[in-house]
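Input: structures, listed below.
The same chain A turns up in both complexes below, where it pairs with chain B and then with chain C.
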Partner chain A sequence: MKHCLKVRLYWILHYALLALFVVFALFPLYWLVKVSITPNDLLYSEGVRLWPSHTTFAHYVSVLRHTAFPLFFRNSVIVAGATSVTSTLIATAAGYCFSRFSFTGKFLIVGVLMVTQMFPLVMIVAPIFRLLSPLGLTNSLTGLVIVYTAFNVPFATFLMQSFFDAVPRDLEEAAMIDGASRFRAFRSIIVPLTLPGLAATLGFVFTAAWSELLFALMLNSSSDASTFPVGLLAFVSKFSVDFGQMMAAGVLALLPVCAFFLLIQRHLVQGLTAGAVKG
Partner chain B sequence: MAAISIKGVCKKYGTVSVLRGIDLEVRDGEFIVLVGPSGCGKSTLLRLIAGLEEITTGEIRVDNRVINELAPKERDLAMVFQSYALYPHMTVRENLRFGLSLRGIPRERMEMLVQGVSEKLGLTGLLERKPRQLSGGQRQRVAMGRAIVREPKAFLFDEPLSNLDARLREQMRYEIRRLYLELRTTSIYVTHDQVEAMTMADRIVVMNDGIAQQVGPPQELYDDPANLFVAGFIGAPAMNLLEATLREDSGAPGDVTVMIGSEALAAVQRPSSMPVTGRVIAGIRPERMSFGADANGIPAEVDLVEATGIGMIMHIKAGGQLLKIYTTDRIKFRSGDRLAMHIDPLDLLLFDVDSGKRLRPLSQGAAHP
Partner chain C sequence: MRRTLLWLEPYFYAAPSVILIGAIMFVPLVIGLSYAFHDITLLDPLSGDYVGLQHFRELYADASFWNALRNTVIWTVSCVVLQFGLGLMLALLLNRPFVGRRAIQLCVFLPWAVPSFLSGLNWAWLFNPVVGPLPYWLSALGVMKTPDNLLSDPDHALWGPIIANVWWGIPFFAITLLAALQSIPKDLYEAATMDGANAWQQFRRITLPLLAPTIAITVMLRTVWIANFPDLIVVMTRGGPADSTQILASYIFTQAFQRLDFGYASAVAAVLLLLLLLYALALLALRHALAKRG
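Moving on, here comes the complex of A and B:
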């Protein structure tokens, strides 16, 4: 009886803590949605109420109709999409090499990749700007894709390598003896088995590129080539902040990420726990 | 089917020599077993033949064609892995079909071959399952099926049974051997289990330390080991290896007496190369020793008796050394009992203490009774 009670208490505490964490994590999101549908005249008078006395979609309408936000949004989709696909392709190739081959200079290359992850990016904004501007890659989406890819490839490579490490070598060796070339074995055997890892990497890079602000702000000053995080700043004017529109834009910006993760989440859960159990 | 010829093959990983000059002629349709302790280089040799590792020096030929530089897929061999290496995302049918489809075999023929093999191996009911839904024995069969469905030039097996429990291992051993007798495809089978080696092989290669110690039919290796390593490795319970000295016999001129401690073990023909110190290792199989309670014979004391069901292993102490006697008689000896043992001089094998090489009598060739 006493034991039973102890177990119950344990689980109650367990769920209480989890609930606390979920509330803590989701409350800002809730506030985002709440403010985005609060009419401007209620924003300050009912500022601390959990739910406004009446709601409106006016902010959404004006964000979509009267601001450049749809353009920023499009730019972000292009940049994040291209970055995630390019980075994942490079990381897949590099991760496979690190996992399967030993070659001269491997240690050095891994070391250099690690080093790139070790200092704050602010430090290299200026040099990067100086490098890209003569090439005409500032104020350009291509420039952003290149920079983001460069910064995301190292981590993505290590991520992919760990997924390849979890696939036994026997499998591709069996395929090669069965008559496959190394590339064919990779395509028919290794890739299907690392799909969860690919999804995880894709998702990770996409989110990183989607929400990047520093380089997007520094490299691209023209609004034609701005991404939405920069666009959000436009709602901050000298004298006021248009919270309603800003939050509406924020909610809109969340949608693609949510959709993306919904799409890959089945693979993702597998991916993040892969290696925990032996296939 | 194909003959495989291995000439002076060495393999180094960095500065570490794993294989140190392997020579082996595998005849067309022969079942060869590579046996040796773990780490002796068996898998490495198999992987060199399969093309999964590069040969450092030496040459491997299949059907008289040098294959050193060929990619695995061009060698047309099949391999069964210890882990089975079934493709986890494919059904049994797809696993069997994979190698066939890579070779561009037409669909109908492919289905026919898969059907034939799955009937032969009792896999027909399992074709739509994924590997993880199979038991160990079934996985083993699928791995076999994947190898034979392609009708390759030769089979390579890397400890295919060591993940199975003892009973299943015995059954699969039988099934693999039956299958081989039916197909007669050249096979190289790696194992560390000398019982597997003895029961399955046409010829055994005993390996140690990257060197082939002896090559020959199972019975020959058992009766006539070339050195101490083979003598000690082949046979269970293992051969008794005793520290002995040779004493010049005053009686017969061609004979020497093998002594352990102060006890004379037997008088044997003088070896062709007599060790200067007179010290040798004397080997005798536990089942070749007889014993009794009588007084004439070498006196010994029973240390421990183990019953194996089929027979008894009696650990005894004689001349200050421990040795084993194996007998299928129901014996009544107990610890501490005294007995006398008898040895037929022909059963006594002598080995050089330093090199481990067999010391053969002058007159005797290689043959043993």
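Moving on, here comes the complex of A and C:
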């Protein structure tokens, strides 16, 4: 009887603590959504209320109609989309190479990729600006795609390598004995088997590229080439009174990454260990 | 010919990534280090001269630099300790099966996916007395005298970005530690229960020792990463009020971005890199010493 009570108490405490974690994790996002649908006239009078007495989508409408956010959104989709596709392609090749070959210099190359995960990216903000600017790659989406691809390839490579390691070598060796070239065996046997891994890598890189702020801020100062983070930050410092619109824009920035989060959540462990230091 | 091609094959696969990373990360790193010894200000055609150690002398006399260095230590240590402590707790809670585990896991890991700039803005809004509830709640609890914005109080403003970073970083620790926890064989615990070990003893004698390697590596890497992570501070306070939240990483960014003084920014960056290298070397030496003793 006493034992039973103890177990019960344990589970009550267990769920209570988890509830605190859930509230802490979700409350900020809940508040973001709440303010984004609160009409302006209630914003100040009902400041701390958990739910406004009536709601509106007017902030979303004005963000979409009267601001440059649709353009920023489009820029971010292009940049994050192109970055995720290019990084995944390059990382697939490199990850396959690390998984299947042993060759002179492999240790060095793997080491170099790991070091890039450690060093302060803020160090190279200024040099990258000076390098890209004469090439016409500042204020351009292409410039951002190149830079982001380089930043994401190392961790995407380790991630892809872990997926390739899980595919038995016999499969492609059998095909190669039957006369297929290695590339053909890779393309028609290995790639289909690692499709879920490819999708996860795409998702991770997309999320990372969608979130990047500092390089976008430094490299793309013109609003035509601004990504969503830069646009939102500029909007906040310019119109810091229009909270409804800012938060509506914030919710819009959250939507694509939430979709990708649902896609990749099963692979989070693999992704975070491959990235090791990547947020 | 065919032999050579076969020998070259792995390099073809690895070449794109190596070339890209070399050009976009290592070349700029070397150039950046050379900037530290040059007078380089963007939009100033007269700049570009070699100035030797002048930036480092300025830096030595720069009170903002020392302040940023102190803040870097406070910021890094508080973020790592809180993220790790809460992350470990969450991982332990999620480690055994229970009703609703999948749904709860999804909710508590969600902050990881929130873009860092947005989590910064979101917390800045929560601390803002105009739209955020936190000032009222904090003053109702007696933590604050009046419902003011925490981010504009020079004595405590650094806690704003720290809280935002803890919120954002708990999932990372929880996920990696949970993975390590689940790889501990279950029969170890069964055997310990049969021998009459209580929960705390099991944690001390089984969980902690087997978790130690993962803890060591994640904490070390995360420390470096957090020390280099200026996004939340740039978004939430831009280092203000009165430099009270400036860390070295955000100081580098402000020098480069706002003052366009690339030379001085690179000198600060070189110092940061050196400090991080020293930190890594100290850890390796410590590990070596411990391994020798054990």
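As a convention for this text, the second predicted complex is superposed on the first by the 231 of 279 C-alpha atoms of A that agree within 3 Å, B and C clash if a C-alpha of one lies under 4 Å from a C-alpha of the other, contacts with A are read in each partner's own complex, and residues count from 1 in each chain.
Quick note on the criterion: contacts are C-beta pairs under 8 Å (C-beta built on N, C-alpha and C of every residue); 3 or more make two chains touch, one makes a residue touch a chain.
The structure presented is a predicted model; accordingly, all values stated were derived computationally and were not measured.
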Checklist entry - Looking at the combined model built on chain A, do chain B and chain C fit side by side or clash? => result fit
Item to check | Partner with the higher number of touched chain A residues, chain C or chain B | outcome: C
Next on the checklist: Quick one: is A:Y60 in contact with chain B, with chain C, with both, or with neither? Answer first, second, both or neither.
Outcome noted: neither
Checklist entry - In the superposed arrangement, which partner chain does A:P192 touch: chain B (first), chain C (second), both, or neither? => result first
Next on the checklist: Contact-wise, after the overlay, does A:W210 reach chain B, chain C, both or neither (first, second, both, neither)?
Outcome noted: second
Next on the checklist: One more residue to check, A:F235. First (chain B), second (chain C), both or neither?
Outcome noted: neither
Checklist entry - Now for A:F72: first (chain B), second (chain C), both, or neither, which partner does it touch? => result neither
Next on the checklist: Is A:F163 touching anything from chain B or chain C once the two structures are fitted on A? First, second, both or neither.
Outcome noted: neither
Next on the checklist: Is A:I177 touching anything from chain B or chain C once the two structures are fitted on A? First, second, both or neither.
Outcome noted: first
Checklist entry - For the superposed model, what is the least distance in angstrom between any CA atom of chain B and any CA atom of chain C? => result 8
Checklist entry - Of the residues on chain A, which ones does chain B touch that chain C also touches? => result 279
Item to check | Residue ranges of chain C touching chain A (in the complex, touch as defined) | outcome: 9-14, 16-18, 20-21, 23-29, 31-32, 35, 40, 42, 86, 89-90, 93-94, 98, 104, 106-119, 121-123, 125-126, 130-133, 136-137, 167-172, 175-176, 178-179, 217-218, 221-222, 224-225, 227-231, 234-235, 249, 252-253, 256-257, 262, 265-266, 269-270, 272-273, 276, 280
Checklist outcome for this item: The residues of chain A that touch chain C in their complex are 11, 14-15, 17-18, 21-22, 24-26, 28-29, 31-32, 35, 43-44, 47-48, 90-91, 93-94, 96-98, 101, 103, 106, 109, 112-113, 116-131, 146-147, 149-151, 153-154, 157, 182, 207, 210-211, 213-214, 217-218, 229, 232-233, 236, 243, 246-247, 250, 253-254, 257-258, 260-261, 265, 268-269, 272-273, 276-277, 279
Checklist entry - Which residues of chain B touch chain A in their complex? => result 50-52, 71-73, 75, 77-79, 81, 83, 85, 87-89, 98-99, 102-103, 132, 146, 150
Checklist entry - Inside the complex, what are the residues of chain A that reach chain B? => result 168, 170-171, 173-181, 184, 188-189, 192-193, 279
